[in-house]
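Common to both upcoming complexes is subunit A, partnered first by subunit B, then by subunit C.
Our next item is the complex of A and B:
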């Protein structure tokens, strides 16, 4: 009995194997044929192309799809914007718009005193420029300081480090409009914060109805929403600093502050540049979050450059696309200037 | 040969199926629409009936916020992406893009007889000899105030209009302030809109237009009303959220009135449906006549038009929908159920479908107000340069309220903005 049973089992296994194999083989063959077909189709196109263009020329073929997308959605609108900046009227299509030369730029720059918007012809533009300036300085300084502080804290072996890293990053995942609405519910006249203040016996504060308060909160919520992203970048920079340097410094008797000043800060500088440039550019472009939060008000207290461009072009009773395009050229110039300064400083820090 | 035969049979079958589908698939028409109250639901109901009798047409209502009609629709239209039809409040803005319905209408003369010439002309443009038909006014509105009578009673303050036919803005403000103080509510509010501000300004003696139609904003009457608006904010008589909490867009004061926090609310007849639905008889509310002043007593005319765009691919079907909605019975039912003041001249007796005395009384008040509108008010609504006025008034006065500009500077800026807008429009 014992001698007969094992061969029976092995036969069964073989049968199973062969049936499975019988099933898989054609499927595998089908996939292989499909794969060959696709590759051959690609080859069918690529081989003659390569014969014609050469190996170097093929690089352009591979770049072409991306270049097309970039061209259609970035370069073409930029050129169109440039054209619009020198045209007038209210018609939408370029062929219907009269050429006015530098009139739009002159309108923007007609100012008695550039520091007093009331003396400027397009006072709202200069209010927006000054608001943007104030916002950029305050937002970037607080953003960098708080991101650095939180990165330094999260780089230490604190309890619940994983949780805190996630918690700090979480607001970054929210849409700017969601962030704005959440904070609006908290800060409006009948909002959560005023409810708390009244419950504690205080008087309601017009957080969104007072110019200074609105400007402060615009900065606060943007710092809250974006800090996690920059903390993450700085954290990566901190973790790239070799631990041996701190060991050596501590053996030499350096205290925490000295280690931070002499090791952490210098070695973090390249990362810091990236963070500063990214946050600066993003701050200059501020729009969606604050627009959903305050609508640019009260008055024009939180109207920034992009909102001016949007409203001049698309939301006023008369759409002045030319003036809006000219304002966006001015803004592009600011951004170009910022990037050039960063590149220069970045090169200098690379050399040192 | 056999293969060719099979292919031919298959091809014929496919063509046949597609042909049948093409025959049975109804034409889809889209309407860009916004709601103040229940009018979207009423329109849907009326169109459902239309579709039941016209299986070849399906009408989709795209309901969007009012600000989208103000800001997005003009771009959409100019970019060549217009809907087939729309409800618009700035009829003059789409001149040149409308469909001329006359070739598709069974009786164009009906339209000329049924709707006011000024309303049809509003869509045509400056050419006074034009006879095109682009749509019809589906609502006539008049601006005017409402009061919360319950709050007046709770405060023990007499309603000024109970004792006098001529109550000034100053008297209303004083009475409403007393009510607000006694009931811990807001005294007075006006929608954040240059259109809404205009009626009170004309009442105070402002004139925007001279005899040639040129616009001059700086008049004593305008200053009086602007200063009053600023003072309401300074003295915390008005909810600051309306003018200061909405950025650069239109904002209604209605939420404060509906929630019973406001004694006197300057808005217009289109709110009746909203209040009937959302206040009902929760407290006693009613419309009161526009205040009186050196400029008389006037609100602002307004309203919306139901229009067709030339970009439609189905002009015949569009005309059939328009004819249906403009027909006497359907139009009458629409206004009876929405509590709208009609823009149709020959509806006969209207039996508004409300048992709320407040709604009935308010409709009567606004019907009377419609007869009192001044020439300046009509000029601002239908004049060819009027489009440039309302937004600068709204935005610059907001700057004066918040203290960014003095009233003098605000008035100067309003004039400059209007001139710049007119120059830009002229350049096109």
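Our next item is the complex of A and C:
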């Protein structure tokens, strides 16, 4: 994460203002008057408070609403999650929940052989863990490779670059449910893809009825939906590489591959690093898109960790909040591990 | 041949289109096709009637069978091209079908019934973009209610996020106070805590407050975004302190400084955060799914997902409703795409 660069932003702001300004002038004037009124009212109400608390005290007033919501809905639940993980029963309120120690974690971790989910007491959880692992590896590799390829293409002097950039980005805006439905429609038995396959002389494939195919397509559609986002970040990284370096290299007789290998790749590493970390953390949390796409099936082929947490806690007839909280602790542990590796590697390569 | 190739690969008379340039264009064009193709297919399909949707292999454009009004018959009759026994092709309207035999009339001379085998006729069709799916979908799907909920959630949540994040960012960038560093550290530390990890306890908090099945339960919890605070603070650090000092000398209160000086100057950063907030909230799924269980409170995303799960709902309605759900965000993108793409490139967040 890097900060915004104010000069370019404000330039853009002016441009947008001038193009829309004429249209919105009367509304803008009304809005400005309204805004002045609001300032006066707030000023009138808050002045006595400032007289009492002083200028320093006002800082706490400014930070309070955000901190309050943050504390109640993020920090406090983080702590409470541990309590849930070590209590049992199906009641939601903490006072109704008996303390069971590590029973929930044991339920999750009782396995004859950790590599075979069938031997586990909570076999769906281990299937979800394994599915998530496979998904994360495949998705992140494809995502990064394709994003890099796209960013490199968009970084060349091409006609209509703005259009291509927007085209690659557009699916990022679509909601997970919409993405899932678009692809479900293409992949169904009588769908577009099967139509193309038959036209080319193949046999129809039940893409969402076959476990392996469903897993493949879960990866494909998420790469499709997210690629534009990482392409843009990588593109920004590429554009920050000074052009003189390439000129000097070509004077020295370097070919395209050599300048990619010796200039682009090393200088892109910091951006690449951000992209890898962001995409890894997002991939571990995979849920909504695939949930709307396959519902976790066929069988449990595309059931991932978050879906296990959601269904254990909310969707099944018995609300096993404790078990779900324990599972989310396991997931938090994975995420923590990823973040730690990131910090470690980041420090070593001196990029953060 | 060589000359033709030279001519085709010439770019504005200067340099020839190199092999790598050609590859780049090929990749970009294929990529554009891959990105837009599925959406174009969705939109084209959403106009097709039920029968056409299940036709295999599928056709791109939505077709409709031509009908004709024939004197002596109340309903419009379907029009067919019929190959007669002697090889001539006539355009006839079908009166009724009995087994493998179709009873047809000529629309011009409707008196005489012609009996033909059904294999001898093919329907006369024309491209037709019908709105029937949309009209029926909107009534079956409760579209306006979901749309209203989505707009309420997105608008209020974005307003709340901008307000409290900018207040906090102001305090964290322009004041020195005890506890400031811990708050900053806490904010950055929780950047990586996803909602899915704390789903159950947040649900408890919501239930305790009584915000279960209440849009407030969707709006408030995710309003204090660490990303937003961080982004706005970094931006506000670049606003010179002298502006604030001279305003204080003129007797302006701290709230007046915040509203009259800081907020207008931070507009570019606020715009970026607003766009992101709109995108996050419009597309949010997991949290509304947990909080809302009464269907009159569903947002578009939750509604669409439960709509596709209902047993007797047909694809033609689902497709039309999917198009309606993606339209608003597409319009936002079309108008603000410059802002969005540069915003992501510079802040690296989603």
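Some observations on this one:
Please note the rule applied: the second predicted complex is superposed on the first by the 277 of 352 C-alpha atoms of A that agree within 3 Å, B and C clash if a C-alpha of one lies under 4 Å from a C-alpha of the other, contacts with A are read in each partner's own complex, and residues count from 1 in each chain.
Basically, a residue touches a chain if its C-beta (ideal position, glycine included) is under 8 Å from a C-beta of that chain, and two chains touch if they have at least 3 such contacts.
No experiment lies behind these values; they were computed from the predicted model shown.
Contacts of A:299 after superposition: subunit B is touched, whereas subunit C is not reached. In the superposition on chain A, A:314 makes contact with both subunit B and subunit C.
Contacts of A:95 after superposition on the shared chain: neither subunit B nor subunit C is touched.
Using the contact criterion defined above for the overlaid structures, shared-chain residue A:212 touches neither subunit B nor subunit C, since it reaches no partner.
Touched residues of subunit A, counted separately for subunit B and subunit C, are more numerous for C.
By the touch criterion stated above, A:118 is placed in contact with subunit B alone, subunit C being left untouched. Residue overlap on subunit A between its contacts with subunit B in one complex and with subunit C in the other: 92-93, 291, 295, 314. Residues 1-6, 8-10, 12-13, 16, 35, 38-39, 42-43, 46-47, 50, 55-56, 58-60, 62-63, 65-67, 69-70, 72-78, 80-81, 83-84, 92-94, 149-150, 153-154, 156, 158, 164-178, 181-186, 190-192, 194-195, 198-199, 224, 228-229, 232-233, 235-236, 256, 274, 278, 281, 285, 287-288, 291-292, 295, 306, 309-310, 313-314, 321, 324-325, 328, 331-332, 335, 339 of subunit A are the ones touching subunit C in the complex. Considering their complex, residues 20-21, 24-25, 27-28, 31-32, 34-36, 38-39, 41-42, 45, 53-58, 163-165, 167-168, 170-172, 175-177, 180, 183, 186-187, 190-194, 196-205, 207-208, 220-224, 226-227, 229-231, 234-235, 238, 248, 253-256, 258-260, 267-269, 271-272, 279, 282-283, 285-286, 289-290, 300-301, 304-305, 308-309, 315, 318-319, 322, 325-326, 329-330, 332-333, 337-350 of subunit C touch subunit A. Subunit B contributes residues 71, 74-75, 78-79, 90, 239-241, 244-249, 387-388, 390-391, 398-399, 401-405, 409, 413, 416, 420-421, 424-425, 427-428 to its touches with subunit A in the complex. Residues 88-93, 96-98, 100, 118, 121, 123, 127, 188-189, 206, 208-209, 211, 291, 294-301, 303, 307, 311, 314-320 of subunit A touch subunit B in their complex.
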